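Note that subunit A is present in both complexes that follow, paired respectively with subunit B and with subunit C.
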Partner chain A sequence: MASSHISKAESSYIQAGLTSKDPQRLDGRNLGDYRAVALETGVAPLANGSAKLNIGRNPHNGSGGTEVVAATKLEVETLEEGAVDKGRVVCTVTCSPAAYPHLSPNAVEDLQYDLTTVINQTLAHPSLHPGNLRIIPGRKSWLLNVDLVVLADAGNIYDALFMAARAALWDTKVPRTRFVQFKARKGGVDNVGKGGDGMDVHQDVTSGFDTRGAHSAADFELPDYWDEGEVLDGRDRWPICITLNLVPPNHFLDATTSEESAVPLKLLLVFSFASIEVPTIQAMRFIGTGETSSPELRQLIKEGQRYAADTFKALQSKLKAEDVRRNQKTRELFASR
Partner chain B sequence: MAQIGFDRRRINGPEESFAVIFEDNEEDPSKWKAGMARVGRLPLAIRPIFLQPGLIEQANGSAFIETGKTKIAVAIYGPRQSKNIAFHDKGRLNVEVKFAPFSCQKRRAPIRDAEDRSIAMAIHQAILPSVRLETMPKSVVDIFVTILEADGIEGCVAVGSVAASAALVDAGIEVYGLVASTSAAVNGDELWLDPSNEEAAQSKGTLVLSSMPALNKITSVWQNGEMLPDQVLAAVDICEKQCVEIHTVVAEKLRETHSL
Partner chain C sequence: MISFTSFPTQPEDAYRTVRRYNDDEDDAMMDLDDENGPSSSKLTCPGETLTSSHDYMRGHGTYVDNDEVIASVTGTIERVNRLVTVRPVNSRYNPEIGDLVVGRIAEVQPRRWKVDANSRQDAILMLSSVNLPGGVQRRKLESDELQMRTFFEEGDLLVAEVQAFFADGAMSLHTRSLKYGKLRNGQLVIVPPVLVRRLKSHFLTLPCNVDIILALNGYIWVSKHIKQIEQEGELGFDAEAVYSNQNDRIDSSTRSAIARVANIIQILASHFIPLTDTLLLEAYEWTMEQDSDVKTLLQEDYGDALVAAVVSKE
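And now, the complex of A and B:
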């Protein structure tokens, strides 16, 4: 378990507050309230897309909260025989030891392994695959690395990771590529055949072993463009996560570290809003020792969908505002030259 | 001699070589197209389960399970003293999953990889709520899951959870109830239970439900891929019904084994 250990008394104090008729939380929030979320895109100039996200920063001194930096990096990959030529998406989560001072190095490693598994299984699923990661069909494609770094954990890490990943992927630009083709001159092949070996080579007959003709494009180049390329295909689909912390009969959102360790069961619901009316569930996980029943689950999914829609709308408007802000900045910079 | 430095005494094969592709003599899943009915099984039919508890002598409890091409052996050691871990008033459940090198189409190098841990996580979550860990403070229960033959991750998680729960009972560890688990995949508009590797790969989304049918409780839902909320709920209901049947089979087998 990621959370720090709290005493039995503290745990039962938190639980009693949450399960009472008039639910109380330590910081005075309602059960469905989020802490303030701060988001900025384009924080890593060397990445193809990046974002920095903070949940629950202290407004007075600007410290604290869960802090995650996400960055995407595209790499050219030469395809092996028989590999899927659509490109790949690989997600990795790294936890700074400073974020988990109470855990041993081994435990931090296990934790980042577990976080990576959930993120990678969800975001690298074929149903979310962007369509423009192909460079040369059958030869070369982009490998999209999504790296997430946890700088501080003050609870609700899954929601933060998915939100940061979505922001970074939204911000990602795929460089434009252009095919380059090498063609042997017709009849100019005699300088190849004449190796002085006196072999009779029939140039007109195509050999069955010659597979070079299979793909016309041999290589690619990057044309110079004023922007860094086109956005990832299907970027509206990248999902967001809602963690429902279950304290029967109640559930609440955005748990702090101490609340997390007092909660017996967490339900992760990952929603994708390709269209806002018909969201799809992209992943679902239970974490913890508690259990639930199917009528409860039905209710939770319904509620979760509502929370996710609200979060999605807020995040979407923020991402659009970030796009405007950065384009404005670039234009002003350009004009002042 | 075309090249200089050509030595005909050496093997002059090509620099690269590729694995031979064998023609699959079982039913060809590539013939299946979206919207077609399931080949060889009804949509809601699962593969028959063979379960044998207590095959591994030196372990406190064990189970071997086989369903279709999935074969998994589970051994349980403990509850035993937890070393180099600070005092804890509850016991700890430790699940380790290992793929045999020969368990998949491609050889699996005998090192720990990401998939081992993700399956271990899923099995851990499926059985964790059923175990009475508060009865064994300061102890640890080690569960070793060896996958001898794999046919899809979803199948491994589901079948592994059933076997692990049966092995816990075989070891005499107190549990609230037996855990039964089923996987499902959405193919086209249909829901297919207990998908094989190919079926899961062709599906849009998959789901593994683990429950304690005796208590009517769900311990875990492990879902991946694109599914509508209604599809998830429908899948949960169907899987829950199937789990009741699996539970009967497992309970019957355990009773049979332990009454001898």
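And now, the complex of A and C:
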């Protein structure tokens, strides 16, 4: 992050390279180039969905890069009277102290609070809310926990967090549920004693158990194994973040740590794609001490949208490839048995 | 432009092989007992039991717990008679007097700077061991103490020589030569310190108008070439220039040459190849022959090809 000091000479060397007519970066990338992004889904077997992402990993020895692990976990929540029964989404970001060795423990805590705020406010927004988090209307629903861990930070942490969160949410499977209700058998107590278990599934008979009369379902059961289920509703909509690093008159993507500390102003743009043609802007945030004007901002949003569409397409095809890879792996595992 | 790759796949039974190696408790000891055993080719895990402390003495990289000698680092086991040591694979820089180091100012303290030099402790640069403006041989004044930040401030990079050690093992640096001082006009590359061997000169100049300072602590400064005449002569000492934060004008071709050299150093370091002047020059010429862009150096197969080409020439 910006708090790792670089000297004035280094900073002006970076800035001069970026603002010149023929812009150049320290590692020879173009302004719109990302470092290589490595992505894998399904890394945590106990989570409902998970992903590991690394931006800028050294291809030869696997060192370096910004590394983020994301995982989602569904939890059953019993609702209070009058609560929203659509389920909830809660996001948390944790930063490993090893990722920020130069920061004090308090500073790391502040940082992870900042990151959590940005991620949670964006992903838990009602416009992105998945429709299938309800279990029993008015009684029980799923609480979707999205946990992100920053293992290493080599710049561009926001893009990495959003991409990892998107991959983990894409990977999330919601277990199928089935209502269970109690009802008194016609024969009364004797009948139950003779071997009927007094439990029945999917019957429209009014329950003798339910006194409120609101819903007949008392509880639910899982028809599948725990790791099966359906994907989250509207999983295409999970957003993508583009960080534009502004060095007037240019801007560039995917800054390294030293580039980040030489840049006065960053613009976070978060786009959601219902389909590739219709992006909606979900969040926008300036970070840094610099300033910009509103006509420039309009131009930047337009550019950002273009970058986001590219990233969306690339990420989408990678996620589908990951799905195929994992299905194949599972099949091989079964075949070998 | 964004492209996604995959993490390298690990062999299915990677975990099991490691377990088997650990479970086989006699293995490590047998190697130690065997005079000609291939003990040096085996890597230890931190916390791995090596042998019994009744029979062997603990050396560097080991500790004793419950009458067992246990490795505290990842490395190779070495044994001299009854003494067991582990030589670490990766370690911080071990300073020696006379070494050339590049460091970054971490803190300004009364009459001294603390310098991060990739060592176990911060190095110390005393105000009395830098060249002060207005004559090389001059007593330091109180006014100098008050304006220490005009010489070096937090984050500044400098090249210096290890002068002495303090009682606690921290190194003391000096910049009392015109070769040393603040660094400008370039970028820093960090490699493992073991990859920089002691050379006749650590100030290299490539014919592509690029200067390289191969510091022994693994911090490598790649910058625009500065002409020799400007560096020579005691009288030529110019405080303005030495402690300046302003970069010179750097043209586009020099800038891309600097980026290219920095990328080459990264590639060689990630293949764990020790850096020398001839090697760097050969690698640079090879990339120029290929007529490639600087950013193609970031690709994996291109890096492998570069290493194969350069190593085969040696």
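Quick note on the criterion: the second predicted complex is superposed on the first by the 303 of 337 C-alpha atoms of A that agree within 3 Å, B and C clash if a C-alpha of one lies under 4 Å from a C-alpha of the other, contacts with A are read in each partner's own complex, and residues count from 1 in each chain.
Keep in mind that, in the parts below, contacts are C-beta pairs under 8 Å (C-beta built on N, C-alpha and C of every residue); 3 or more make two chains touch, one makes a residue touch a chain.
Note that the structure is a prediction, hence the values are computed from the model and not measured.
Overlaying the two complexes via subunit A leaves subunit B and subunit C side by side, clear of any clash. Of the two partner chains placed by superposition, only subunit B is touched by A:301; subunit C is not.
Look at A:314: by the touch rule set out above, it reaches subunit C but stays clear of subunit B. By the touch criterion stated above, A:50 is placed in contact with neither subunit B nor subunit C. Once the two complexes are overlaid on the shared chain, A:293 sits against subunit B while remaining clear of subunit C. Within the superposed three-chain model, A:245 lies out of touch with both subunit B and subunit C [touch as defined at top]. Using the contact criterion defined above for the overlaid structures, shared-chain residue A:6 touches subunit C, although it does not reach subunit B.
Between subunit B and subunit C, the smallest C-alpha to C-alpha distance in the superposed model amounts to 8 Å.
Put simply, subunit A touches subunit B in their complex at residues 81, 113-114, 116-117, 120-122, 125-128, 195, 197, 199, 265, 272, 278-294, 297-298, 301-302, 305. Those residues of subunit C lying in contact with subunit A across their complex are 1-8, 104, 154-157, 182-188, 245-247, 250, 252, 255-256, 259-260, 262-263, 266-267, 270-272, 293-295, 297-300, 303-304.
Taken in their complex, subunit B has these residues touching subunit A: 1-2, 18, 114, 117-118, 121, 125, 128-129, 133, 204-205, 207, 212, 215-229, 232-233, 236-237, 240.
Within the complex formed with subunit C, the subunit A residues making contact are 5-10, 12-14, 16-17, 20, 22, 24-30, 32-40, 52, 54, 58-63, 258, 310-311, 314-315, 317-318, 325.
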